Structures are given as C-alpha cells and as structure tokens.
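Look at the two complexes coming up: chain A is in both, with chain B in one and chain C in the other.
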Partner chain A sequence: MKVSLRQVNDGISVIDLEGDFDLYSSPKAREILLKLAKEKAPAVVVNLSKVGYMDSSGIATLIEALRALGKYGGKLILAGVNLKTMEVIKLARLEKIFDIKENEEQALASTKSQTQQV
Partner chain B sequence: MSNAEVTSLIRVENVDTHYDSLKVLHNISFEVQPRAITVIMGVSGCGKSTLLKLLIGLKKPTAGNIFIDGKNLVNMNRRELDAFRKRIGVLFQGGALFNSMTVGENIAVPLRVHTKLSEETIRIMTQLKLEMVGLAGFEDFMPSQLSGGMKKRAGLARALAMDPEILFFDEPSSGLDPITSAGLDNLILKLKSAFGMTIVVVTHELESAFAIADQMIVMDKGEILAQGTPEEVKKSTNERVIQFLNREPEEKYSKDSQFLETLIGKI
Partner chain C sequence: MEKVGPENKTSANGRKREVIEIKVSSHPKMMRVLRAVSEEIGNLAGLNDEQVVHLQIAIDEAATNIIRHGYKFDSAKDFKLIFNLMDDRLEVLLEDNASPFHPKSSDFLSSVEPTGGGLGVTLIHRAVDEVDYCVTRSGSNQLRLVKYLTGKEVRNREGIVETGK
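Up next is the complex of A and B:
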C-alpha cells in the first residue's frame, strides 16, 4: 500500500492511502498516524478513496489513531470510504464511532466548521 | 499437470483417499469459486470431514490432485504449505483452543507468530474478532470457563484472526442452539460480503446449508452424489440425495443374513 502525507491549511494533515490496507501494510499507516498524534495535529483526514481492500488490522489501526488523537482533542476524519470498506466498518459496528465524510473536500470543510464553532 | 481453471480458487480432481485399506473417498472432483460459499453436505461418516482435511493440507490423498490457485497442494513442500496455511482459517468442530492460554491469547497467537503488527493493534483486533462472534469481554477467560458453544465461537474468532482469504468450517452449527446457529450463518454471509472471503463449510445441518450456500456438494459413502447451486441440488433425482434432503430415516443397515455373517462368519 502507498501511504503519503500532505499538509493543508490550518495545520490539517491529509493521509492518502492507495492499495490494500491489510496486515502487511497497516504498520506503515500506523506509524504516520501515531507520529501526527504525538505532534498533536489538530485534525487528520484519512483519504480511503483509493483503498481497494481493508481488513481488521486496518480498522484496528484507525481505532488506535482515533484514540491517540482524541486524548488531546484532535480529530480523525475518514473520507472517500467505498462500499466494501464501509461494510467492514459496519461489520465491526464502528460506523457511528468514526467521523465519516463522503470525500476529502467535505472532510476539510468539516474541520473548518468545527474550528469556527470553537 | 492439468490446467486448473483460473476462475476457480480450489480445484479437486479425481481424488481417492484410504485409511489403511479402507477407501473413504472415491473419485472426488469439484471446484470452489472465489468469494463464494461452498457447502459440503452428507450424513455422518460420508467422508466430508476427511475431504476437509485434504483441502487444508492435513492429509494427502492416495490419488488425484488438489489445486489452489493453480498450484498442486499435493506436491507442496513444507515452505509452500506454510505460505498456504497463512491464507486460510479453520474452525474445527470443538474449537481446538489452547487450554493453557486465555481466549484473547488464543486469538492473538497467529498474529504474533505471522505478522509484525504492534501489540496494541493485535489487542484491538482481538477485541474486534470477539465482538464479531458475540464474545466481547471474554478475552481474559480460560477456555475451560466457556460452554461448548462459546468455545466454538472463540475458535471462530481465532480462525478469523488473520483475516483469511479462505475460511473452512467443520460442522459450525453442531452443539449450538438454534438462535446462535442462525447468528453464525448470518456472520458467515457477512464475512463473505465484507471481506470477500471464500468459505467452505462441511455440515449435515440442512437449514443452515440452504441459508448460506452459493454452491453445494452432497456426499454419501465417499462419493459425490450431486453438486450445483442449492436450486440444482434440490432438483436432483438421485434417491440418496432426495432421502437426505427429506430427512428420511436410513434403510435397515443390512439384511439379517449379512448381520449374522458379521457376528459369526459365513453361514
């Protein structure tokens, strides 16, 4: 899986994942997510639109990131979740735990509105 | 080597198997399609559990071939067999848990041995798998503290630990109450749909078989009597298949003269 990190405005980070988010690739995504949490990134958008397959190690990685960011009030937003990936999230009954937006644009917009509310 | 169809994930060709001199499987041939549920059915002792042992590489056939992705399982060396086994999960009849480990440790074992995942990731994955099988919160229990049905579900959680590409079930419903059994059928369907798993189920439970199967194989006395979609199997004109599907009792085992022969020798 290809994992790349972009910084957009207001310190928001976007992680683009491309390929299979599975047992063999999830440690790479975990390393970046936990590094951002350590740096107290205010919000991280994980763009899953190019993920073909996600297994439970992918889900576990996202849960760990959600908890690590949540400890200091940081946000984790999932964007571009395709139907297959959504089924995996629903199988683990986590659709209400994750903040899921249709695409990156909406995810970034939601971080702005959250900042304005504060 | 025969050409295995690219469309099938598993292709069994003309397989015979013996236990000593007793032939238990005769000329078995069928295919398992990827991302589908194949149910192997038959009465107790028909050879279906032996067939499962062949499919997971625990036993070698005395004749014939078993292709996995076009590669012959029968000729695989130890390294190739290990690689194949990382792709599969197996739920054995009794759950087959390690009794000296907690339920959580049982599920974590394959992840610790075969992956480089962090302990935290493994811990969360273990919780997810236990939630999926309805055993959330039981990670610190010992297998001896679980009921038979709970052991089976814990065994399923362990079979799912590595998110296997192919999942094998040996009599998943046996020993489970009807509600748990229906819940397990539902979970099997969800696993196929969400993870795209290829699932092979060995069972004699008709209701469960028809609830989940895309493809069915009906066996009797070591032979395949019928195979196809559930609708095709239902239309089979084979007397033994009709008898099995209609749950008709077995004919008297043998004629009186045969029975007496088994007791006192040739009359």
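Up next is the complex of A and C:
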C-alpha cells in the first residue's frame, strides 16, 4: 500500500492511502497518524478512495488514531470510502463513530465549518 | 499456493456440488490472492454481491488470525482452505497445524489492539451465518464458516431454520 502525507491550508493534513489497508500495510499508516496526533494536528483527513480492501487491522489503526486525536480535540475524517470498505466499517458497527465524508473536498469543507462553529 | 480439486462429492448437510481445496503459505502477502479466490468462489457458489463481500471479510480475518496468532508470521508454514459448494450454502473450512486455539477464548476476544486483535473475530461472527471450531483427528485446527444462499431456508446443526444474511 502506498501512504503519502500532504499538508493543506490551516494545518489540515491529508493522508492518501492506495492499495489494501491490511495487516501487512497498516503499520505504515499507523506511524504517520500517531505522529500527527503527537504533533497535535487540528484535523486529519484520511483519503480512502484508492483503498481496495480494509481489514480489522486497518479499522483498528483508524480507531487508535481517532482516540489519539480526540484526546486534545483533534478531528479524524474519512473521505472517499468505497462500498467494500464501508461494508467492513458497517460490520464493525462504527459507521456512526467515524466522521465519514463522500470525498476529500467535502472533508476539507467540514473542517472549515467546524473551525467557524468554534 | 497449491490448488487441489475441484471434486464432486455429496454430504448429509445439503447436496455438495463441488469441492475446491487450496493450500496457502503463511505470509501476509498471500492475503490479496486469498481475497481474489474468495470472491471468485463466492460468485461461483451463487452468493449475492453483499454476501461475497461478507465471505471475503470472514475468510480474510480467519486467515489473518492463522498467520498472526497461529504461525506468528512464519512464512515457511502453510494452511489449507476447503470450499464446499452446496445447493443451499457455501461452507469454508480453514485448517492449520498451529497450537490449538479457540476463537472465543479471552485472547481472541481481547480489546481492540492496534493490529485488530479481537475485532477480527467479531467481524467473522457478523459476516457469516455459522462459525464452528474443532480439532481434527489428525490434530489440525479447523475453523468452519458457513454462508447460506439468500432466500434458502435450511435447518442448521441445532435444527433452527436459517436464511442467508
């Protein structure tokens, strides 16, 4: 799986994942997500639009990141979740726990509106 | 990956149409292959699209547990999958020769760890209609997963009428 990090405006970070987000590849994503939490990133968007499959290791990585960011009020937003990935999230009954947006554009827009509400 | 079969057999639990056996090395890289095989066989068995995804999830998590907990990432080891395609269901048997375990033990249902421990077993139970574990006469661990075809009503081992999830 390819994992890349981009910084966009207002300190928002976008992580692009490409390939299968599983036992074999999730440590790479975990390392970046926890590093961002340690740096107290205000919001992190995980772009899953190019993820073909996500297993429980991928979900656990996202849960851990959600907890780590949440400790200081940071946000984790999932974008571009395809049907197969969504089915895994639904089976784990986490669809209401994660903030899920249709695409990166909507995810970034939501970080702005959340900032304005504060 | 070594493929054996398909064979034609019959069983008391519904008429068996075909049996497909594959042997997979215990390396996380093999998971991609296993997902593709699961999808193809799920389609061949007559599962609908959602059921195929659920089958993939269950097999994926079960195989991951063998690689991670059973063989502790020793890629020299391997495990076997037997797909029994029946008229009303698809039965999948995963057999390995690691130390015996029970998927409901506290170790497997521990809190969600960074590697997904515990959550994987929960996903397996939610994704398929039946999950059983036993040790075979030859001493192998055998995990049995069953996915009923949608609309088919059948009696399970306890005599309860079930239809596919």
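Note that in this section the second predicted complex is superposed on the first by the 118 of 118 C-alpha atoms of A that agree within 3 Å, B and C clash if a C-alpha of one lies under 4 Å from a C-alpha of the other, contacts with A are read in each partner's own complex, and residues count from 1 in each chain.
Heads up, the rule we're going with is that a residue touches a chain if its C-beta (ideal position, glycine included) is under 8 Å from a C-beta of that chain, and two chains touch if they have at least 3 such contacts.
Keep in mind that this is a model prediction, so the values were computed, not measured.
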* Asked: Can A:A92 be said to touch chain B (first), chain C (second), both, or neither?
  -> both
* Of the partners chain B and chain C, which touch A:K112 in the superposed model: first, second, both, neither? -> neither
* Asked: In the superposed arrangement, which partner chain does A:D20 touch: chain B (first), chain C (second), both, or neither?
  -> second
* A:S57 contacts which: chain B (first), chain C (second), both, neither? -> both
* Asked: For chain A, what residues appear in both contact lists, the one with chain B and the one with chain C?
  -> 22-24, 26, 30, 53, 55-57, 59-61, 63-64, 84, 87-88, 91-92
* Give every residue of chain A touching chain C within the complex, in rising order. => 20, 22-24, 26, 30, 53, 55-61, 63-64, 83-84, 87-88, 91-92
* **Of all residues in chain A, those that touch chain B in their complex** => 22-24, 26-27, 30, 53, 55-57, 59-61, 63-64, 84, 87-88, 90-93
* Asked: Where on chain B does chain A make contact in their complex?
  -> 111, 115-118, 120-122, 124-125, 128-129, 131-132, 160, 162-163, 190-191, 193-196
* Would you tell me which residues of chain C are touching chain A in their complex? => 28-29, 31-32, 35, 50, 53-54, 56-57, 60-61, 64, 67-68, 112-117, 119-120, 122-123, 126-127
